[in-house]
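Structures are listed in the sections that come next.
Both complexes below contain chain A, partnered by chain B and then by chain C.
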Partner chain A sequence: MILTAAIYALAAVAAAATLLMIFQRDLVRSALLMLTALLATAGIYLALSAQALAALQVILYAGAVMTLFVTAIAVAPGAWKDKPPAGRLARLLGLAVPALLLTALLQATAALKLVTVSPEFSETGTLDLAMDLFGPLAWQFELLSLVIVASVVGAVALAMNRRRA
Partner chain B sequence: MSSYSLGAISFALFALAAAGFLTCGSILRMLMFLELMLNAANIALVGLGPETLSQAYAALLFAVAAAEAGVGLALALAAARHLRTQRTEGMTDLKG
Partner chain C sequence: MTTPALNTDLLLFAAAAAAKVLLFLGGAMGVTALLTLAERKVSALMQDRIGPNRAAIAGLTLNGLFHPVADGLKMLFKEDFRPAAADRLLFALAPVLALAPVLTLFAFIPFGDYVMLFGYQLDLCVADPPLGLFLLLAVSGLSVYGTFLAGWASRSNFALLGALRAAAQMISYEVTLGLTLAGLMMVYGSASLQDIVRAQGALIWGWIPAWGIVTQPFAFVLFLTAAIAANKRTPFDLAEGESEIIGYFMEYSSMRFAAFMFAEFAEMLLIAALCATLFFGGWQVPFLYETGFMLPGGAALELPQWVTALMQTGAFALKTLFFCWLQLLLRWTLPRFRFDQLMSLCWRRLLPLSIANILATGAALLALR
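Let's look at the complex of A and B:
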């Protein structure tokens, strides 16, 4: 019961932070709102007994990725900063498409109403997670290392081009 | 609570992030909303999938998101430096 209430409360916090981000014009405040949404998600993982994922969420998303964003905001010159947003029609279309998508997704998953879950606090060990990562998902896990190497090489190549320019 | 509620939470977060992505028009903000969309997908994966396997997939998605943020921000900054703007309306030229 408490965990269910916690999931709803944290989801409301994440949704409110995302909604405020849409209307927030200051980039640094937007980054702080994004951090709030990410930390609320970590709380949801914790309530769903995914402790390792909650830790990963705080370390990777709220830590590493947010540091990248704050650094990017800091190094972008003031002259490039935001101007007033696009026209009203473009904004209306931009809001209508996700609303349609949400409606379609909710209709498509209506059958899930019959499936009940009662969140109970249990420990999902990192050993179980590792057994899956190095067992049935070993191929995907190894492939992911290639993706990360490619992204690191790409980022370094882009930075070197910038230095030469 | 039903699985539908968990799905609805993640779909709502995804839709909100998608709305921000489509309306903001600034490349840095778009990357932020993209991360939030991936985040919402992760919630669906953990909430709706079988116990540890879905969590393992979510862990893989974390790494994909981190890689995407790194190279995405490098690309965004390079494009913004070249075109002197973060607004996507000004980014109509693909020639370097």
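Let's look at the complex of A and C:
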């Protein structure tokens, strides 16, 4: 009962923060609203007793990715200037495309069942997770490290460019 | 449908949780306030001065014990200044975001095993999630937003530069911090802090306590260094130096300024508590078990459960205070690093070392199996 209410409340927060993020003109504020949405999602995971997922959501998305966003925005010169509001056509397009996407998304998700809290309380320990990651999912897990290699190479390439300039 | 009996249990659980939060968090905040005094007293001691000793209530000074109260009152009555160009909402939000994650983290720290009260078993930990270490890293990673927003919302170049310095430093050292904890998880096979403390009660060769410092000595050095750096304290206090390099909260005054200072001292206490919990057995006292002392030779001394619980909580408090003292000592002993030195120490030394520690731990665990 309490958990279901928490899930609905957190979902409302996530949805409201995401909407506000889209309509926010200040870049840093908009990033912070996205952070709120990510944290609310982590809260939903916690309420669904998926602790590992919640922790990883906060460490990776709310912690690492968003910190990078916010810092990058702050040092970008564009963040310091207030841009003029968009023209009428741009606004219309800006509303039409998300509306289209939303309809498509709703159509796609209508077939899915509503997720509710499982009656028995279950938690995933680190051992089970490790067994899965290094057992049946080992190949996918190792493949993921390619993403990290790619980003490291990208970072080095960017830094090299700057040094040459 | 809930039965009345269940409701009573739920109410009791809620009341116990509230009492634990009030006691532990209240205690932590009290000690934090006293740490601000200890910082000045230790500096005075090391510089052959007397230190603060004037604040008095009814003529009673108690060697300066009332200074934190006087400081708090002073901060309350100072002008709450805000730059004209500042972002009002974010400017007000930043101190909260700096303080809240630190105070939240105290909930994960076990300050004792359990105590029997009126027939009920009361766990001496506010929250003991099975993935406590991960949640610890997750929540501590959020404190960077308070620091960064303080600089950004002030709309001041000095503050923003300080904030970027601080953010870069905090993000960098948190990577090392996370990696040093991996070794502990491998050795104790759990990510729950209470489980880790319980596992540290085991004995190696029948007489050496299996504390983190014995099984992961290298990780302890890395952890303490990275934690002090992530907290932005000397010798890593490049985020803010009041008179020379300014810092991210230079535009703050009054209680908002106090919130940043308080967050730093609270984090110091947190680091001390974590050092004690993860590497020095937490509430464990060597050879003290649920029923009392049991020495390796076979001698035993039976103790009532509440005495055991009291001794364990006392041991945890003593260990924590020791690491607070160590951090104060470091603060007044070491000079400040340059920023390039700070970054190179993190990425070129501590990070490779922490990865090597994980590999070595893995190899040792395989060899011992």
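One rule holds for everything that comes next: the second predicted complex is superposed on the first by the 146 of 165 C-alpha atoms of A that agree within 3 Å, B and C clash if a C-alpha of one lies under 4 Å from a C-alpha of the other, contacts with A are read in each partner's own complex, and residues count from 1 in each chain.
By definition in this document, contacts are C-beta pairs under 8 Å (C-beta built on N, C-alpha and C of every residue); 3 or more make two chains touch, one makes a residue touch a chain.
Bear in mind that the values here come from a model prediction, so they are computed numbers and not experimental data.
Once the two complexes are laid over each other on the shared chain, residue contacts for A:L32 go to chain C alone; chain B is not touched. Of the two partner chains placed by the overlay, neither chain B nor chain C lies in contact with A:L20. Comparing chain B with chain C, the partner in contact with more residues of chain A is B. Of the two partner chains placed around the shared chain by superposition, neither chain B nor chain C is touched by A:A9. By the document's definition of touching, of the two partners only chain B reaches A:L133; chain C does not.
Of the two partner chains placed by superposition, only chain C is touched by A:A55; chain B is not. In the superposed model, A:G63 lies in contact with chain C only, and not with chain B.
In the superposition on chain A, A:V75 contacts both chain B and chain C.
Touch criterion met: A:L105 reaches chain B, while chain C stays clear of it. Touched by chain B in one complex and by chain C in the other are residues 52, 56, 64, 75 of chain A. Chain B contributes residues 1-4, 6-9, 11-20, 22-26, 28-29, 31-33, 35-36, 39, 42-43, 46-48, 51-53, 55-60, 62-71, 73-78, 80-81, 84-87, 89 to its touches with chain A in the complex.
Chain A makes touch with chain C in their complex at residues 26, 28-29, 32, 35, 42, 51-52, 54-56, 58-59, 62-64, 67, 70-71, 74-75, 123, 125-127. On chain C, the positions that touch chain A within their shared complex are 87, 89-90, 129-131, 134-135, 137-139, 141-142, 144-145, 148-149, 152, 160, 163-164, 167-168, 171, 174, 178, 185, 189-191. Per the touch definition, chain A reaches chain B in the complex via residues 4, 7-8, 11, 14-15, 18-19, 21-22, 27, 30-31, 34, 37-38, 41, 44-45, 48, 50, 52-53, 56-57, 60-61, 64-65, 68-69, 72-73, 75-76, 79-83, 85-86, 90-91, 93-95, 97-99, 101-102, 105-106, 109-110, 112-119, 124, 128-129, 131-133, 136-137, 140-141, 144, 147-148, 150-152, 154-155, 158-159, 161-162, 165.
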